[in-house]
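Mind looking over this structure? Questions follow.
First chain written, first letter: the chains are A, B and C, and each begins at residue 1.
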Amino acid sequence: MSSSSIEYQKKELPLKIQKIGLGLFIAGLIIVILGYMVNPDRSAYNNIIAFTFLTSIAVGSLFFVAIEFLSGAVWSTPFRRVGEFLSALIIVLPLLFIPLLFNVDKVFHWTHPEPADKILIGKAPYLNVTFFIVRIVVFFLLWLLFYYLITRNSRKQDLSKDSGLTSRNVKISAVFMPVFAITITFTAIDWLMSLEPHWFSTIFGIYYFSGTVLAALAAATIFIILLDKKGFFVKGIHTDSYYSLGALLFAFTNFWAYIAFSQFLLIWYANLPEETFWFLARWDGGWKYASIGLIIIQFLVPYMGLLSQPSKMNPKRLLIMSGVLLFAHYYDLYWLVMPNYEKGSVPFGWIELGFPILIAGLVITVFYYKSKNENLVPIGDPKLKRGIDFRL
Amino acid sequence: MMSEKILYSLNAIFDTPDEISHAAEKIAEKGYKKFDVHTPYPVHGMDDAMRLAPSKLGYVALIFGLSGTLGALLSLWWVSAIDYPIVIGGKPLFSFPAYIPVMFEVTVLSASIATVLAMLFVFFKFPNNSHPLHGTGYMKKVSSDKYGISIQADDPKFNEEEIRKLFESLHASEIDLIFWDNEELNHKNKILEPKFLLFLLAAAVITSGTAYFSLNKLMFMVPFNWMMEQQKQNAQQKSLIFDDGFGMRQPVAGTVARGYMPYEFKGQPDLAGEKLVNPVPISKESLKIGQQKYDTFCSPCHGYHAEGDSRLRGQYPNPPTLHSDKVRKWSDGRIFAVLTDGQNIMPSYSTQLTVDEKWAVINYVRALQRALNAKESDLQ
Amino acid sequence: MSTGDYTKELSVIEGKPLLRDLDELISKPLETKPDKKFYIALSITLSMLGMLVIGLGLTFYYGIGMWGNNNPVGWAFGIVNFVFWVGIGHAGTLISAILFLFRQKWRTGIARFAEGMTIFAVFTAGLFPLIHVGRPWLGGYLFPYPNQHSLWVNFTSPLLWDVFAVSTYLTVSLIFWYVGLIPDLAILREKATSKIKKVIYSTFSLGWRFSNRHWQNYEMVYLILAGFATPLVLSVHTIVSFDFAVSIIPGWHTTIFPPYFVAGAVFSGFAMVQNVLIIVRKIFNYEHIITIDTLEKMNKIMLLTGSMVGYGYAMELFISWYSGVEAEQFTFLNRALGPYAWAYWTMITCNVISPQLFWFKKIRRAVPVMFVIAIFVNIGMWFERFVIIVTSLSRDFLPSSWAHFTPTYVDVMILIGSFGFFFTWILLFTKALPVVSMVEVKAVVDGAQPTHKEH
C-alpha cells in the first residue's frame, strides 16, 4: 500500500483547550441550572434549541463522513477525522434531551389538548408522550449504532491499513442514508414543528436538514482551519481543498435559501389560514425584525461573503463565514422555537446565553478527548495519499 | 512569392503534455509576451506555466447578472404597481415574493448571454476565420493529438535563430514558420456588392410579405377567425330560442339593474319639479364636470353662454335662451325632467349623461344664469 | 470499482486509446452515410411524428374540445406531457453543470448527449403550453411587451414564471451546448475534406484555434455557465411545481413540491438518458467511452433520486394525515383507493420499488436489467404527473362538481407523437453532430494531463 509512505507524527492539542472547554461547560451548566430554577418554561424552550442544534452538528457530521465514503471523495480524507470527532457528540446528546423529557408538558401543547380541539385529538396516535419518547430513544440508538460502526472501522484502519474496511464503511454509509433522512425528518417534526401542533408543512424535514448540513459543515470548517494553522495535518491543507469546503458552504447556503423561500412562497401565496398563522406569528411585532435578520444572517451575508472564487480559498474568510453560519443556524432554530414562548416580542436575556456556552464547552471538550485518544489523520486510509495530493 | 509574405510566427510541435508544460514555462521565463500554446484540450496548469493573468469574465457575469436582477425588479414594479395596477388574488400591487422567480430567471439569462457574448466577441474577437494559423498543418496537428507553441514575429524579443535553438533544446518534434496569407490580408468586404444588395432586398420583401399576409389575411381565414365569428347570439340577431324572436331580453319584471335608479316622473315634469331635490352640492368639481358636459351636449343648441345663440342657429327651430324668467324660476327638479324626458324638439339626454352629471349640468346652468342676472350679494 | 483499490484514481475511459483514434471514432457517424438501421429507426419516429401532426391539426382546427379535458379536469394530458418532458430535460444540465461543479469526470462521455437531449426535451415540452392555450398563434401575448392593447402580463402568476423559466432554460442550455461544441466543430473543420462541410464547420466554429489564451477564458465561461445553470435547473422544475403548489387544491398545495419535483425530474431524466445511451454506445461502439462504470454511477443517481421521490410520497401521505385537514386526507385516500388507484400503484411500483433493485451491484452493472428498470421509471414518472394532476382535479372540494377524466384518441396521438418528435431530433442529432465531446474525452484519457509535480 502506498499510504505507508505518509509520515504522520501525532500531536497533542494543548492542555489549555481542555481547560477552556471544561470551563465553558461548567459555566454554561451553572447558567442553565439557574435558568431552570428561575424560569423553567423559558429554559425548556431554550433547551429544545440547544438539543436540535447539537443534533445538527453531531448527526450532520456523521452524515458528511458517510457521504465521503459513499461518493468516494478523496479531498476530504485528510481531515475526515474532524467530522468523526464531531459526530462523537452523539454520545452526549442525552444530556440535552433527557431534561426535556421531564418538561414535555411545558413546551408541547399537544400533551394536553382541549377536549374541543378535534384536530389535536385526531393527531394523538402520533403526538403522544409515550410514542414521542420511544421515537427519540430509537433515533438516538440508531445514530449511536451507526456512529459506532463507521468510526470503529475507521479507527481499526489506522493500524491494519486494510482497504476492505473502507469497502465495509461504504456499505454501512449506504444503509445510513435512508436512516439519516428518516430520523432527521422526524426529529424536525417532533421537536420543532409540533411546537405549534396545528401547523404543518411537508418540506419541514428538508428545511431542518438544510440547516443541519450547514451547521455541521461550518463547525468542521472552523476546526479544520484552526488545526491547520497550528500544523496538525500532514503537509497542511491545500487551497484547493479549502475551495471545495467553501464551495460546499456556498452551495448549502443557497440550498437553505431555496428551501426556506419555497416554504414561505407557497404558504404566502395560497394564503390558507391553517398555514399562514405560523408565518404571521413570526412577522408580529419584534419578530418581524428577527425574520428579516434571519434572511440577512443566514443567506445574504454568507452569500456575499462566499460568492467570489478567491474568497472560497481564503481560510480567514472561510473562518469568519463558518462562524456566521454556525451562529445563523442557532439563530434559525431560535426563530423556529421561541415565537411559541412569546408572541409579539423577541425574548432575549441571560437565560438564552446558558445553552450556547454549554454547547461550546461540550464541543471543545469532546473534541479534545477524541483527539487525545485518536489520530487526527486517518493514516491507514487508502485514499489519504490522493487526498493530500488533491488538486483541482 | 515567398519573399513578399509577411512572417506571422515561429511554431514548434511537442508530443506530450509534460513537454509542452515545460516549454511554456521556459518561454514565459525568457520574457516572451506574444506567444501562445495550442493544445487539443485544456491542459491543467498551463495558465500558470504561461503566466496568464486570471480571466476577467467573472466580472462580466457579475455586472450583467446584477443589472438583470435590478432591471427585472424595476420593470416588474413599474408594470404591476404603476402602469397597469390591477389587484390579482388579493395580493398587493407590489408583491415582492412573487417577483423573485422572474428576477432570478432574468439574472441568469442576462448573465449567461452576456458572459458568452463577451468571451466570443470581445475577448476572442470572433468570428475570425482569416487568422494565419487557420488551414495550416500546424493547426491540423494541435486540433488532434499534438501540442504546439507559437511565438509571434511581432514580439519585441523575436529572433528566429534564438527561438529555433530554444525549441530544439526543449525537444520539439517539429519547427516551422507560418506566414500571413496575402490574399486574406488584402481582402476587403464590399457592402455594395450586387449579390449582397439582392439578398437584402429579397429578405425585406419576404419578411414584409409574410407579415402582411399573416396579419391581414391569415387571421381572417378559417379557423383563425373563429374567435371573431363564434356561434353565439349577437345583439341584433333573431333568436330561435324565444317566442318573440328577440335576441336581446328585457330584465325580469320588478328587477332593477345594479347601480341604476328608475326615473319615477316620466311625463310628469311638474311633479318632478316639486319632488326632486338636487343632491349634488355646488362645488368646484361639480361645476367643472357640469361645464364640460354642458359644452359638449347642450352648447350646440343653447350656446356656450346659454343665450340660445348657438352654432346651429337657423338650421332648426331656434332653441330658447335659458336666461328667460321661466327657466330661472324653474326648480332644479323641473330642469332635470327636461334633461331626462326631453321637451318639444329636444330629445332625452339620459343615454349621454348619468344622473349625477345631469345635476352637475344643472348646477352649471344656474351659474350661467347668475352671470347675467347677478344678485346684489354676488357683488360683495 | 470492483477491485476496491482506493489508492489510485480509476480511469474514466477504458484502455487508454490514442487521441487520434478517439477523434476518428467519435466523428465516424458524421462522415459515413447513414445505414439501413438508421432509416428504419427514422421511419418509425417519423410515423410517430405524423401522429403528432394529425393530433395537433385536429386540435388546432376544432379546438381543445377534441381532448378529454372536462370541467373540473381542465388540465390533463397537455400539462402531464409538459411536466414530463421538462423533467426529462433536467438530466442534461444536471450532468453538464452540477456534475461538472462536483468534478465528476465520468460525466464527460455522456454530457454532450445529455445536453442535446435536454434541448430536444425542452422543445417537446414547449409544444404543450403552446397548444394548451387553444389558439397557439396568439401565444405571443404570453410575453411581456408593450402591445397595442397597453396590457401587461400578470407577473404574479406561476404560469408566467413558467414562460420565463422554460425560455431561459432553453436559451441557456442552447448556449451551454453550443459553447461546448465550438472546439469540436473546429476539430471537424480541420478534418473536413469536402468544401461544403469545411464552410459549414468554419462558420460555426467561429475561428476557434485551440489557443490556451482562449482555453483559459473558455474554461472560466464553462465554470460560470455551470454555476448559473445549476440553480437554473433547480428553478425550472421548482417553478413548474409552483404551477400546482401555489393553488389551494388538495394534493397540489404542499410545500415539499419544489424539491420533490426537482428530484423527480432528475430521476426521469437520468432514466431517459440511460435508455438512449445504452443503444448509442452499442451502435457506435462507444463501450469504452460510455463505460459500465459510468452507467453504474447513473444507476446510483437513479437510486438516490428515486428514493428522494419516495420520501416525497411518504411525506405527503404522512402530513396529509397529520394536518388534520379533511380535504387533504380524502385526496390521498382517493389517490390510493379511488377510481385512479391503478395509476397511483403503477407510479409507486415503477418509481419507488423498481429502482430499489439498484441496491444490488449485480443489477447496477447488468445492462439489460437497467434498461428495463429505466423504462419502468419513465412510465412511473409519467404516471406521477398524471396522478398529481388528474386525481386532484377530478375530485376537489365540491363533490357535486366531480367528474371522471378519460383521454380521447387525440390525447393519445399527441402523447405518442411527442415521443416521435423527440426521437426524430435525437436521430438527426446523432448524424449531424458529435454525440460525445471529443475535447472533453481526450482531456480525461489516462496520460492526457501533465504528471503531477511537487513544488
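As a convention for this text, a contact is a pair of C-beta atoms (placed from the backbone, for glycine too) under 8 Å apart; a residue touches a chain by one contact, two chains touch by 3 or more.
What you see is a predicted model; the values in this text were computed from it and never measured.
S.K.: Specify the chain most distant from chain B by Cα centroid.
M.R.: It is A.
S.K.: Kindly work out which chain lies most centrally, taking the average of its C-alpha atoms as its position.
M.R.: Smallest centre-to-centre distance to the global C-alpha mean: chain C.
S.K.: Which interface, named by its two chains, has the most contact pairs?
M.R.: Maximum number of inter-chain contact pairs occurs for B-C.
S.K.: Measuring centre to centre with CA averages, how many angstrom lie between chain A and chain C?
M.R.: The mean C-alpha positions of chain A and chain C differ by 34 Å.
S.K.: With centres defined as the mean C-alpha position, give me the chain B-chain C separation in Å.
M.R.: 32
S.K.: Measuring centre to centre with CA averages, how many angstrom lie between chain A and chain B?
M.R.: Those two chain centres are 49 Å apart.
S.K.: Counting only residues that touch at least 2 other chains, which ones in chain A make the list?
M.R.: Only 265, 269, 391 qualify.
S.K.: Residues of chain C that touch two or more other chains: which are they?
M.R.: 231, 242
S.K.: Using the touch rule from the top of the page, what residues of chain B touch 2 or more other chains?
M.R.: Chain B, residues with two or more chain partners: 44, 58, 89, 91, 98.
S.K.: Per the contact definition, I'd like the list of chain B residues that touch chain C in the complex.
M.R.: 17-18, 20-21, 24, 36-47, 50, 52, 55, 57-58, 61, 65, 76, 79-80, 83-84, 86, 88-89, 91, 95, 98-99, 101-102, 104-106, 108-109, 111-113, 115-116, 119-120, 123-124, 126-131, 133-134, 139-140, 142-145, 219, 223-224, 226-227
S.K.: What residues on chain C touch chain A, complex-wise?
M.R.: 4-9, 101, 103, 231, 234, 238, 242, 245-248, 253-259, 307, 311-312, 315-316, 319, 322-325, 359, 452
S.K.: Could you pull out which chain C residues touch chain B in their complex?
M.R.: Touch list, chain C to chain B: 18-20, 23, 60-63, 135, 137, 144, 150-152, 154-158, 160-161, 164-165, 168, 171-172, 175-176, 179, 183, 186-187, 189-191, 202-203, 206-221, 224-225, 228-229, 231-232, 235, 239, 242, 439-440, 442-443, 447-451.
S.K.: Where on chain B is chain A touching in the complex?
M.R.: Listed in rising order, the residues of chain B that touch chain A are 44, 58, 89-91, 97-98, 100.
S.K.: Using the touch definition from the top, list the residues of chain A that touch chain B in their complex.
M.R.: Touch residues, chain A against chain B: 261, 264-265, 268-269, 271, 308-309, 391.
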